[in-house]
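Look for chain A in each of the two complexes below; its partner is chain B in the first and chain C in the second.
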Partner chain A sequence: MFNNLIPALIITPALFAILGFLFSKRAAFFGIAFGLIFFSESLLLLYGVATKSPWAYHFGGWQAPLGIAFAPLRFGSSILGVSAFVMLLTFIYARFSLQESQRALFYPLSTFLALGLVVVYLSQDIFTIYVGLEIIGLCAVGLSALQKSPKALHASLVYLFSTLVASGFYLLGVVIIYAKYGLLNISALIPVIQEELPTLVAFGFMVVAFLLKTAVFPLSFWLANAHANAPTPVSALLSALVIKATFYLMYLFAATLFIFEYELSYFLAFLGVGAIFYGGIKAYLSSDLKLLIAYSTISQVGYLLLIFAFIDEHTDPSMAFNAMAFALFSHTLAKSGFFLAAGVVVHIAQTKEISALQGYASITPVSVFAIALSAVSLIGLPPSLGFVSKWYYLQSAYLSESWFFLFAIIGGGILSAAYLFKLLILFLEHPLEEGHLLRREKSHTTLEWTAFTLSFLSVFLAFFSNSIIAFMG
Partner chain B sequence: MRNKTFHSLLYFLAFWLFVGLSFILTNINTLDSSMHTKLFEAMPHSGVTHEVTAVLLNFRALDTLLEVGVILLSLIAIHALEPNFRYTPLSFENTITNTFVAILFPLIALYAFYILYSGSYQSGGAFSASALLAGGIIILRLVKPRSFFVPKELILRFLYVSGLFYFVCVGMISLFFGSFLEYRDYIASFYIISIESVLMLSLGAILSAYFINAVQRVKP
Partner chain C sequence: MLFIITGVALFVLGLLGVIVHKEFLRKLISLNVFTSGIFLIFVSTTTREDIADPIVIALVLTGLVVTLGASAFAMMLIRAYAKESIKESDNV
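Entry: the complex of A and B
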């Protein structure tokens, strides 16, 4: 039964994307139905991964070196499950927040995005992963172009070219590896891979591709504008799901294939520290609410990269892995909740200027509460998933005596507290004018509560951190 | 001025990167893998005699299915940008072009079918055939924008999705007998030819729609 789950995860998005595109008036219905089915399928997959011994699915019945193999790993399947949940709630949100012409394109495109995520998180074949990256990249560009403003179009064009360059780099790496070893399957490559110049060049290209697609600090120029100018549900999908896929690949390849020296993976961790401070300072200085959230994404990506400082460490590597996994989950939930709640605030205020949002706690209390909960998780205050992540990072930094990273983690937390508390204090002040209450619509209640669910889970799931760690093994 | 130096520095670096890369790529000593023997062992069961077609539509058919998805989703993404295109219709209608197209388009269509069916024993197949067909449709559209028959939007959309839909359906049927997209021997050649034919028509429609949606917006 669990064996046919993997083709089902491919068939469902493909069929529902087709249906949503064909019957564009009913796109929202097909989209939300897809969200429900996809989420239940990914829960079944999680159950299968937890109870069965690891298995692989061979497409077309051809065994691995010739055919394509998919293998659900524990970490990848759990990210897929969280992504499916975020996707379902975002789909419900989009039903009430987007115009009908936007909905007709949003649902088919984001259903294709789900197909790309399935491929990236489950595939064992480096070329199929390339096709998955292509699907994700093109969907993300199309989604970010849904907003009809010159700024959004410019940002999505920049996004298109950066993601195409990154895909090209990744493909070049795949070509070199295939020319050298004649294999594409990750588990078949592990025993034969050698430390040689062509292999290292191929891996170098792949790392640059992943850094560009994940928007790690010096290569993060495309992210802020693309995420800040897109429609709200799109911003949530882009920063919660899309950049995580390439980060997962970077981690997976580093843990299985890459044979870099310790110094090189250390370099990645330094980039992460750069990202934490660059994103934090830019977020503090920005006067646009969605831009602040986008820069905070750049900063949070830095925490994910810190794992490369501890991946070869003599101390227990599982501690750093836990820290990274919790950082990923907390950011996925908190950031999508943050974007969706900010969307409600922006919709009522009709402006993205932060200074005009004074006193919104009395106008949309639920959204501001959601933003506060997200902030708790992003800063890393207890009890939240973000706190669990920072706790594990601080422990592994302390045990391996890397004081630089210890201070970077603490400093980054203080910096994110600075820009998030600045925002929250403004929300809690006395309102500037009372007329905004009139702009509240009935649909805002649904929007607020979907955002609240995501932000609440980013805090509440911390109480189950032990069972999450036990599941990841 | 500073921009210019920066650019020439970039060109310089890109050139040396190119030189270094080509040096590395020409000096790869391939490791012996069992891939080729496995490929030739499996060829008799693939349903076709040409290796590239066998790899694309049998051994690694999932990649092709996903690529068809990429082409379809790019069309949806172009639809997202569509309201921003405002071009005046182009038209080259006169006796010479009309006669030329009247002879040219049937030939292009015929050649596309030839490329499609020759895919089973030489290089070719659905993707190249659909590119040819799309080229033919675009020429026809450019020359005769007003007399060009345009079906209803819903029918066109059915045509666009038919390739991916048929491919997924074949996959679902094959699930009853084995894995996703598992077909062998004599049934394989039927499936491959039928998938390729449907793909040619639907990809041809999609590829020409890329151009027509983006460049020409004619209201007759």
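Entry: the complex of A and C
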């Protein structure tokens, strides 16, 4: 039964995306139905991964090198499960927040995006991963162009060229690996791969591709405008799901395939520290609410990259892995909740200017509460997933005596607190008069509570951190 | 060997073009030069004794289809951008 789950996970998004395109009037119905099915399938997959010994699915019964193998790993399947949950809630949100013309494209495109995510998280074949990356990239650009303003279209064109150049770099890495070893399957490559010049060059190209697609400072120039100018549900999907897929690949390749690059991994960790402070300062200075959240994403990506400072530590690499995994889950949930809640505030206020949002806690208290919960997780205050992540990072930094990273983690937390508390204080100051309540619509209640669910989980799941760690082994 | 050098040259020229040019249409053409370079490198480095690797041919074909789709999508996006920009400057 679990063996057929992998083709099911691929056929379902492809089928529902095509149905959504064909019957565009019913796109929302097919989208939400897909969200439910996809989430249940990914839960089944998690159950299979937890109870069965590792297995691989070979399409058409063809073994590698000719065939394409898919193998669910614990970490990748967990991210896929969380992604499917975020997607389901965002789909419900989009039903009430987007106009009908936007919905007709939003649902099929993000359903195809789910297909790309399945390929990237489960495939064992580095060329198939390239195809998955292209699916994700093109769908993400299409989604970011849904808001048909010249500014949004310009941002999505910059995004398109960045992601296509990055795909080219990744493909060149694949080419070099294939020319050298004649293999594309990751598990077949692991025993034969060696520390030689061509391998290092290939890894270099792939790392640049992943850095560009994950928007790691200084290659993050495309992210802020593309995320901030997109419609709210799109911003949530792009920042919560899309950039995580390429980060996962970077980690997977560095941890399993190219396990000999010590200097480069320090370089990546320093880029992470650069990202934490660059994103944090830009977020503090921005006067546009969605831009602030987008810059906060750039800053949070930095925490994911800190894993590379501890990846070759002999003390306890699992500690740094836990820190990175919790940073990833915390950001996925907190940032999608943050964007969706901010969307409600922006919709009621009809402006994205932060200074004009004073006192909105009195009109939409649930959204502001959701933003506050996301802030708790993003800053890393206890008890939240963000706190668990920071705690493990601080322990790794302390035990390996990397004082630079220790202070970077603490400083980054203070910086996030500075821009998030600034925002929250503004929301809570000077309650608005009753008259403004008229601008609330019935649908806002659903929107608020979907956002709240995501933000709440980013805090609440911290109570289950031990079982999450045990699951990921 | 000649093919590999040509491929690398196309790759570098195309990449420079994407970064240097300001107009999106020029960027798109450079991008196509860039990817053609990668495909040329792919085929020429894996050809042994004048026989091309059949797996590579299949992979390059897949890559070409992906590039075609991406180029068509980029053209539509550039057109939409031009249209909306003209609309906005008319309104001003």
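General remarks:
Assume the second predicted complex is superposed on the first by the 466 of 473 C-alpha atoms of A that agree within 3 Å, B and C clash if a C-alpha of one lies under 4 Å from a C-alpha of the other, contacts with A are read in each partner's own complex, and residues count from 1 in each chain.
Note that contacts are C-beta pairs under 8 Å (C-beta built on N, C-alpha and C of every residue); 3 or more make two chains touch, one makes a residue touch a chain.
These figures come from a predicted structure and were not determined experimentally.
Using the contact criterion defined above for the overlaid structures, shared-chain residue A:L89 touches neither chain B nor chain C, since it reaches no partner.
Shared-chain residue A:E134: touches chain B and chain C both.
In the superposition on chain A, A:A179 contacts both chain B and chain C.
For chain A, the partner that touches more of its residues is B, with chain B and chain C as the two candidates.
Shared-chain residue A:F161: touches chain C; no touch with chain B. Applying the stated contact rule after C-alpha superposition, one finds that A:L171 touches chain C and leaves chain B untouched.
When the shared chain is aligned, chain B comes close enough to touch A:V201, but chain C does not. By the touch criterion defined above, A:G61 reaches chain B but does not reach chain C. In the superposition on chain A, A:F21 makes contact with chain B only, not with chain C. Residue contacts after overlaying the shared chain place A:N4 against chain B, while chain C stays out of touching range. Residues 65-66, 127, 131, 134, 138, 141-142, 145, 148, 153, 176, 179 of chain A lie in contact with chain B in one complex and with chain C in the other.
Residue ranges of chain C in contact with chain A, taken from their complex: 11, 15, 18, 24, 27, 31, 34-35, 38, 41-42, 45-46, 55-56, 59, 62-63, 66, 69-70, 73-74, 77-78, 80-81, 84-85, 88.
Interface of chain A with chain B (complex): residues 4, 6-7, 10-11, 14-15, 17-18, 21-22, 57-62, 65-68, 105, 108-109, 112, 115, 119, 127-128, 131-132, 134-135, 138-139, 141-143, 145-146, 148, 153, 176, 179-183, 192, 197-198, 201.
Of all residues in chain A, those touching chain C in their complex are 65-66, 127, 130-131, 134, 138, 141-142, 145, 148-150, 153-154, 156-157, 160-161, 164-165, 168, 171-172, 175-176, 178-179. Of all the residues in chain B, the ones that touch chain A in their complex are 21, 24-25, 27-28, 30-36, 38-39, 42, 58-63, 65-67, 69-70, 72-74, 76-77, 79-81, 83-84, 154, 157-158, 160-161, 164-165, 168, 171-172, 175, 178-184.
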